[in-house]
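Read through the structures below before going on.
What follows is chain A paired twice: with chain B in the first complex and chain C in the second.
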Partner chain A sequence: MALLPFPLPFAELEVGHHLYWQIGDLYLHGQVFLSSWILIGILIAFVFIGTRGMKRDPMGLQNLLEFLWNYIRDIARDNIGEKYYRDWLPFIGTLFLFIFVSNWGGALIPWKVIELPDGELGAPTADINTTVAMALLVSLAYFYAGLSRKGLRFFELYVEPTPIMLPFKIIEEFTKPLSLSFRLFGNILADELAVGVLVYLVPLIVPLPVMLLGLFTSAIQALIFATLTAFYIGEGLHEAH
Partner chain B sequence: MTWLLLAEAGVPEGGLFDLDATLPLMAVQVVLLTFLLNALFFRPVGKVVEEREGFISTSRADAKQKLADVEKLEADLAEQLKGARQAAQAVITEAEQEVDRLYREALAQAEAEANRSKEESRRAIETERESARTQLQGQVDQLSSTIINRLLAA
Partner chain C sequence: MDSITSAASVVAAGLAVGLAAIGPGIGQGTASGGAVEGIARQPEAEGKIRGTLLLSLAFMESLTIYGLVVALVLLFANPFA
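Right, the complex of A and B next:
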C-alpha cells in the first residue's frame, strides 16, 4: 500500500473485517445486514410500486415485473415440471431476485460513501454466511420437497441407477451446498477484490471493463444459483419409474 | 456512526470464513423475504399473467369457433347460390323451350290458315270460272241459235 505517495479516499482494500453486533453470546456481521436491508428495501419498494394497479394490458413497470416473473417461471418450470413448479416458484424466485439485487447492488451502489466503524458495506453475497445460509435452505428445500412427496422412498434416489452410487450420492449431499455457497461467495468476493485492486492502482476508466464483466458474472451467478436450486428440487420430486 | 458498533469489547478476530449467528439469521431473513415477495410479487403478478393467458386462450378458442362457423355458413351460402343458379338456369331453359314451342305453334297455325284460305280462294276461283264458262256457254248457244235463226229466216 506504500506504492502511492498519497492515500486515495475511496480506494482501500479491506478483507475479512466485519462490523460486529452482539446479541447475548452471539455475534453478527452488521454490515451484511445493513446492506441486505437496504437492498431488500429497494427490491420490495420496486415490487410494491410495480404491482400497484396492474392491468390486463401491461404498462410501464408491470412489463418488467412480468418479464421477471416469466423468466423465473421458466427456470422453475423447466427444472421442476408443470405439476409442482408453482409450489417452488416463490422460493426460487426469491433466491434469484435477492442474489441478483445483492450482486448488482453491491457493485453499483457507492457503499464507500457510508463509513462504518469497522468493515465496509458491500454485496451481502460476498459474505460466506449469506451464501451458506441460502445453500442450506436449498438443501432443506429439496429434502422437504422429496420427503413430503415420496416419503422415505425419496432415498431410493441414492441407489439409482445402481447401489454402487450410494457413497457418491451421500457425498453429493454435502458437496451440493458447499459448491453452491462457495461458487457464489467466491465469484462475488473475487469480483469485488478485482475491482478494488484495479481501482486502487488506476482509479479511472481502467476498472470499467472489469466492473462490466463483474455485472455480467453477478447476473450469471444469480441465474446459476436459481437454476441449480430448481434442478435439485426437481430431482427430489422426480418420480423414477 | 458509532451507534452501529453494537458489539462490546472482545469482538472476534474476523476473517473471510467467519461463520457465526449471521448465518441462521440470514436464513430466517431469506425465508421471510420469500413469504413477503410471494405476497407482493409472485402471487399478484402470476394471477395477472395467468388470467391473461387464460383470456388469450379462450379468445383464441372463440375466434377459432367463429371462424369455423363462418366457414360453415360460407359453404351453406355457396350451396344455396349453386341451387339458385341451377333453378334459374332451369327456368331460363324452360322459358326458352316454351317460347320455341309457342313460336312453332303460331307458325304452324298461320301456315295452316294461309293454306286454308289459299285453297278456299282457289276453289272460289274455280267455281267462279266454271259458272262463268257455263254462262258463257249458254250465251254462246243462245247467240248461235239466234244467228242460225236469222240466217235461216233470211
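Right, the complex of A and C next:
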C-alpha cells in the first residue's frame, strides 16, 4: 500500500510493495535478492582485491581489512572467550560485514538509477525475511555451539542457577531471534521511512542530518547484531563451568 | 477495510509508538545522566563509557522500534483488513 495518493519526484514512500519472483508455489521478494547479490559482490570484490599481493607492512585496502579483522576479533574474543573464539570468528564476521554493508549500501548507493518493474531496490536488511533468516541462523549457531561442546549437558544452562528459571529460559529461546530480527528490521526501515518523509517535506539540505544519523544508527545496529551473536554463542558454550 | 477498522488501526498505531517511546525515553535519560556523571568523575574513562553508553542506548531504542514495528504492521499489513 502506498502511503501517498500521488507519485513523488524524489522518493516513493511504500511499504509492502515488492518485485515478486515466483518459484513453484513460493513468492520471493526479488528486489531484496538483487540488492543483496550486488552488495555481496561488492564485498567479495573488496576482500579479493584487498588480499591480493599482501605485504608485511599493510597499505591501503589491506590496512582497512586488517583493521576490520582486528575489530571483529575483539568482538568475538570479548564475548566468547580466548579458547573458542577462533571457531566462531568467520560466522560473526560474515554477519557483521553483511549487515554493515547492506545498511550503508542501502543508504549510500543511488538505487533509483536502476529501474525495476515493481518495488524499489534498497537495503536488504529493511526486509523482515532477511533479518529473520539471519536471526534463526544465530539460534541454530548457538544451539550447535552448545550441543557440540557440551553434549546434553548443554541443557544444564536452563536450570542454572535455579530450576525456577526454566520457563523463562525456554521463552527466552523464542524471544532471542524475535528481538534480534525485529530490532534490525525496525531500525533500518524506520531510518528509510524517516528520510523518505523528510525528503517528501523538504527535498534539500534538511534531510542530511537525519541521513547522517541513519548511517550512525545502522552502523551501531550491525555492531549490536554481531555483539549479541557472539554473546549468545558464548552463553551456549558457557565456559565458566 | 471498513472505516471503523481503519480508524481504530490508525489510533492504535499512534498509541503503539507513543506509549512505547515513554519507557525507553526515561531509561535513556537515566543512562545518559549516569554516563555524564561517570565522565565528570573520571574523564580519562570517557572512551570506554561512551562505547558502552551508545550500545545500551541502542538496546533501549530497540524497545521503541518494536512499537514502531507493531504500528507499521497495523498500517501496512493489517491482519483485520
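Points to keep in mind about this one:
Everything that follows uses one rule, which is that the second predicted complex is superposed on the first by the 231 of 241 C-alpha atoms of A that agree within 3 Å, B and C clash if a C-alpha of one lies under 4 Å from a C-alpha of the other, contacts with A are read in each partner's own complex, and residues count from 1 in each chain.
Operating definition for what follows: a contact is a pair of C-beta atoms (placed from the backbone, for glycine too) under 8 Å apart; a residue touches a chain by one contact, two chains touch by 3 or more.
What you are looking at is a predicted structure, and each value in this text was computed from that prediction instead of being measured.
Once the two complexes are overlaid through chain A, chain B and chain C fit side by side, free of any clash as defined at the top of the document.
By the touch criterion stated above, A:Phe174 is placed in contact with neither chain B nor chain C. In the superposed model, A:Phe67 makes contact with neither chain B nor chain C.
In the superposition on chain A, contact of A:Leu189 is made with both chain B and chain C. A simple residue count on chain A separates chain B from chain C, and the partner touching more is B. In the superposition on chain A, A:Pro90 contacts chain B only, with no contact to chain C. In the superposed model, A:Pro117 lies in contact with chain B only, and not with chain C.
Looking at the shared chain after the overlay, A:Leu223 reaches chain C, while chain B stays out of its contact range. When both complexes are overlaid on chain A, the residue A:Met54 reaches chain B alone and has no touch with chain C.
The gap separating chain B from chain C in the superposed three-chain model is 5 Å, by closest C-alpha atoms. According to the touch criterion, the shared surface of chain A, contacted by chain B in one complex and chain C in the other, consists of residues 15-16, 189. By the touch criterion given at the top, residues 1, 15-16, 179, 182-183, 185-187, 189-190, 217, 220-221, 223-224, 227 of chain A touch chain C in their complex.
Residues 15-23, 26-30, 32-34, 36, 40, 43-44, 47-48, 51, 54-56, 58, 62, 65-66, 69-70, 72-73, 89-91, 93-95, 97-98, 114-119, 124, 127-130, 132-134, 136-137, 189 of chain A are the ones that touch chain B when the two sit in their complex. Listing the residues of chain C that touch chain A in their complex gives 54-55, 58-59, 61-62, 65-66, 68-69, 72, 75-77. By the touch criterion stated above, chain B contacts chain A in their complex at residues 1-2, 4-8, 11-12, 14-27, 29-31, 33-38, 40-46, 48-49, 51-52, 55.
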